[in-house]
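Following this line, the structures themselves.
Paired with subunit B in one complex and with subunit C in the other, subunit A is shared by the two complexes that follow.
For the complex of A and B:
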């Protein structure tokens, strides 16, 4: 799952981060992720995994690292299943 | 305070009935009486007086700004629903004839207009950043500006505190993170004391901007998590949902990055602003002290008129 997320985000033109150089737990905001780029990330993830993040999950913490994102996506898909 | 009559429509009607505001046929666009304007002038003088020790540079931009500047500022990413661009007719005689014909037959003639280079200013500080950037490196002590402008936001409403065209006075500090935070802190204190001196009930609270869409929810949550925006709230059209009359915003290095605002050593600048919603403050004063400014409490008149 994390690799799929990493590949998805690496190819995104509006998220200018070098994901290949970031560990699963690295803080993406420290690496330069802006609020606007995090919104683009959220939309790309929803499309890729065919999910919708509930409002309560639209926080800074949810998108703070690749591990957090993977955890959030699997939580939503588990609930949907 | 009578909670039953404490609503937007009642206040708007009473402002019309008392000749303080005048209808124009469009929600959120009103004429202002001489008394209303006098209150705004006096309040602006009070703001300038309180800020005078900081020696801000005053600039008054018009209510229209460069569309290219608005585009580069990122406004359309966050608030596409509020923006307004000016369109004009640029055709020849043939198109003019079509335009008149379309108007006469009730067709949508506006498609014969094209976007000009002018956008309506959404907040007094948007035209400032490229102006500062063009002057070269920001001095080590930072820079401070005092601005005032009519602003436009497309949100038609019968809440008199939500106008489409309204004035905003602002102080903007551009400097280091520490300098701009200290600036914002000082205005959180000064702003509250100022509104209390006008005998208005108020609270300062954490806030967020009305970012567009679901992505906007996330921007809003981020803004709150990081404590980037505070508002001074006064009950004007509702007790439960008081109106934001002053706002205190920390932009981090957003405008520094966007406009290349840097110190001589190449370090990016941070910025913060405090905004005064002039019509909202005036409405709060009329709401709490009554339609007749001569009859306002002596203490309030003393602060505004120096009596």
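For the complex of A and C:
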């Protein structure tokens, strides 16, 4: 899951982070993630996994690390299943 | 600050009186000098001196560090009180409080910042801000300049094109990239005290339509110092969790106070006219006044709701739950406050001008609102409303409008 997310986000032109240099738990905001880029991230994830993030998950914490994102996506897909 | 006023500022006697009572005395000073400050575009030295004398620069600092631990609502009230006398003085006080909130919310994890907070309280130090940079403008979550840290020391050079009261502040809080090879949004904030370790050379003179007394000149800033002066939290977190909300709330409180004073002047005008009206009808301005009151009420409601939400989110965060504080919906709401309050303030003042007519248009009458008009004209450009709306447009892709009325 994390690798799929890493690959997806690495190829995104609007998210200027070097994901190959970031560990699963590295704080993406510290690495320079802006709110604009986090929205791009959310849209890309929703498209890729065919999900919609519920309001309660739309916080900075959800997008703070690759591990957090993977956890959130699997929570949503689990619920949908 | 001279020695005498330093001793006065240190006298604890004043601290037993309620902050609003102490601010009343500051307001009297600000009323006396407001027009000269505006006309000459000079720093409101007398008013800031009075703020220090009344120990009002440390009201928001927790008691354990020598302050009074006031919350957002109480501080916003003090700002609005001062804004009814002098918009520039109130904006200076507001900006100082915004910087203070960074210390209170993000500085307690560092010994250097805790010690400096004690100094702010003990010596009544005035804090200024340098986020805006040549080539970046109001996009404060990006920096061009970078801090260089080596062997526990830092070095920073910044083309800071707007630093309000930069020449008069006791310290400047500047943003910069974390390192020369860091991304533009990977920022830190560092405290740069006014001492031998820093130089500021004025590069741009602040000669503006309004907010003239903020003396927001541009500077070439160079500083070295102890790396411990860098805030322990990344600027992304400081911006999201305290600076965005406190800026927009305290700026809006300033504009609200200015608009409220224009409203009061229009109300006095209408009352005077009503007394002359012998047939019992209302003077024509009365209807406009009612319209202005509705707008002022809107401003107040919006501001109070934002303060309430920010305070509640802060209480949660203090208990370890920062979900509300870091929610996208909260950021969108706070952005909306800035845009709405900045527009509404100008509307209220323009109505007051219409009500007061030529006596409002003239300077130096009890009904003058020229300074109010010019001061509030800065509101939509103080971080361009268009920039803020386009940020909100992005945020709205990932948040739903909260329709709850609190029931």
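One rule holds in what follows: the second predicted complex is superposed on the first by the 81 of 81 C-alpha atoms of A that agree within 3 Å, B and C clash if a C-alpha of one lies under 4 Å from a C-alpha of the other, contacts with A are read in each partner's own complex, and residues count from 1 in each chain.
Keep in mind that, in the parts below, contacts are C-beta pairs under 8 Å (C-beta built on N, C-alpha and C of every residue); 3 or more make two chains touch, one makes a residue touch a chain.
Because the structure is predicted, anything quoted here is derived from the model rather than measured.
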Between subunit B and subunit C, whom does A:30 touch in the aligned arrangement: first, second, both, or neither? second
For A:58, using the defined touch cut-off, is the partner it touches subunit B, subunit C, both, or neither? Pick first, second, both or neither. both
A:66 in the overlay: touching subunit B, subunit C, both, or neither? Say first, second, both or neither. neither
Let me test your reading of the model: by the given contact rule, A:45 touches which partner, first (subunit B), second (subunit C), both or neither? neither
After superposition on the shared chain, which partner residues are touched by A:5: those of subunit B (first), subunit C (second), both, or neither? neither
Which holds for A:17: it touches subunit B only (first), subunit C only (second), both, or neither? second
Subunit A positions within both the subunit B interface and the subunit C interface are 34-36, 38-39, 42-43, 55, 58-60
Residues of subunit A that touch subunit B when the two form their complex: 34-36, 38-40, 42-43, 55, 58-60, 63
What residues on subunit B touch subunit A, complex-wise? 74, 77-78, 214-219, 221-223, 225-226, 254
Residues of subunit C touching subunit A in their complex? 141, 182-186, 234, 236-237, 240, 322-323, 326-329, 331, 391, 394-395, 397-400
In the complex, subunit A touches subunit C at residues 16-17, 27, 29-36, 38-39, 42-43, 53, 55, 58-61
